[in-house]
Amino acid sequence: MAFKCSFRVHWVDTDTAGVMHYSNFFRYFEACEEEFYRSLSLPLTEIRDRLGVLLLRVEAHCQYKAACKFDELIDVTLKIREVQEKTITYDFQIFRQSDGKLAAEGFVKCIAVSTEWKAVPLPVEVARTVRSML
Amino acid sequence: MAFKCSFRVHWVDTDTAGVMHYSNFFRYFEACEEEFYRSLSLPLTEIRDRLGVLLLRVEAHCQYKAACKFDELIDVTLKIREVQEKTITYDFQIFRQSDGKLAAEGFVKCIAVSTEWKAVPLPVEVARTVRSML
Amino acid sequence: MAFKCSFRVHWVDTDTAGVMHYSNFFRYFEACEEEFYRSLSLPLTEIRDRLGVLLLRVEAHCQYKAACKFDELIDVTLKIREVQEKTITYDFQIFRQSDGKLAAEGFVKCIAVSTEWKAVPLPVEVARTVRSML
Amino acid sequence: MAFKCSFRVHWVDTDTAGVMHYSNFFRYFEACEEEFYRSLSLPLTEIRDRLGVLLLRVEAHCQYKAACKFDELIDVTLKIREVQEKTITYDFQIFRQSDGKLAAEGFVKCIAVSTEWKAVPLPVEVARTVRSML
């Protein structure tokens, strides 16, 4: 099951080459992840404040297939690839709305840490929620 | 007449103090400006590609009144303060949706330049459109 | 007395117009401020961790005079404009090293806050140090 | 042979978790790449302006091992992993100067494109230069 949300490429996201800077795709991966948890009624602020857990990035990967220009609408999709005791891996794809072309795809793996930055098991609520999206 | 649009404060917008970094308010001012022109059916891409004009920033100012935290919804409003032969000045305000509090206000002044970076009069279409919003 | 430090304009600092994005000048103002305190043996980390004070931005202003391109060396200068009980105002200028041209100038005003985000008098050590640079 | 350069983690590079945002490691990979070409007397501006070639990112990867905090000095190393007809792959590592700990490692693969964005063979000068660093 894929979660999808849409963003506009802002002027500031682009660089001298006239296209979105490669690091900014990771910003949009994360913005999509934020929306994903909110859509499940479990926003990251709640995971942090009520459950005491941060989802720290341990790995990130992206392949760039087509450029995204200023003002372009992009669809970002998130799929849960894998849920382990302490980690979650998301697959992301970014499509250009104008022509439906795949602009980028990648993954991000994160690990649950307590507020003292110790790796901890995913809170039951989080694990159950993301597993339901597998 | 004020134009308004809403944004979410993303994790990446915040800093070690746990609030949106002061430079990022200017990113949201600009994102609002982008939406403003689009809402008038005259997107900045068209101003650039069809009319051959960029709106270069010559001055920017912001007063910070209240912090914006991660995941907060913010309303950004744009008002046209002044339109001169070659320049446009926008007033911006940013409000937190949660409590309606004014988080920041400022202005940005920009000047029309040709693709060779010479200052030029605002294209008639642009001048008329923004003046209609005075 | 002016404090000066130099930076390179990175690819990611630029936008589709081929020049440094207007919000990034504020990033370099701040990077210069960071170096300024370090040069006085009172780094911001120490002001925060030992003296319990953050310097929160309350106002920021910049006038843009000349574009900064990718790979350009820029000199950023900081002068203390005013020190009050709880606030410090810095004046900044950014020069292009290639031709010595003033690219931007502006100011940033900040206020001392405790770790509970209450405005507090500047720590004596900070006040004395910045006043010595007036 | 590894090329090394050092950077300071700026306040703006950090996020609410108090550490450098995961996307910013890619900014420092790229800043190191910029310095790398400059150190070889073949800056990216020259590759673009004289040789007519941009090095577009096609893949990026990073594993995060240890957090980088505000004001931390980091060493970024670049090694050429592979040079093909049209592509270059760099390996990067980021170390914290304070304790020498590996904070992150990853790679970036880029492809030479002409100013019309067609993939082209690496200019001889570029290929020879990066191969000499293998």
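Just so it is clear, A, B, C and D label the chains in written order, and each chain counts residues from 1 on its own.
We take it that contacts are C-beta pairs under 8 Å (C-beta built on N, C-alpha and C of every residue); 3 or more make two chains touch, one makes a residue touch a chain.
Quantities reported herein were computed from a predicted structural model and do not represent experimental measurements.
Student: Sharing over half of the contact pairs with A-D by residue number is what counts; pick that pair out of B-C, A-C or A-B.
Tutor: That interface is repeated by B-C.
Student: For the chain pairs B-D and C-D, which is connected through the larger number of C-beta pairs in contact?
Tutor: C-D
Student: So what's the Cα centroid distance for chain B and chain D, whole Å?
Tutor: It comes to 33 Å between the two C-alpha centres.
Student: Per the centroid of Cα atoms for each chain, what is the distance between chain C and chain D, given in Å?
Tutor: Here chain C and chain D have centroids separated by 27 Å.
Student: Identify all positions of chain A at which a residue touches two or more other chains, and write them in rising order.
Tutor: 11-12, 23, 27, 30, 70, in rising order.
Student: In the complex of these two chains, what residues of chain A are touching chain C?
Tutor: Going through chain A, the ones touching chain C are 11-12, 14-16, 18, 21, 23, 69-70.
Student: Mind listing the chain A positions that touch chain B in their complex?
Tutor: Residues of chain A touching chain B: 8, 10-12, 27, 30-31, 34-35, 38, 43-45, 70-71.
Student: Given the complex with chain D, which residues does chain A contribute to the contact?
Tutor: The contact residues of chain A facing chain D are 17, 22-24, 26-27, 30, 54, 56-64, 67, 108, 117.
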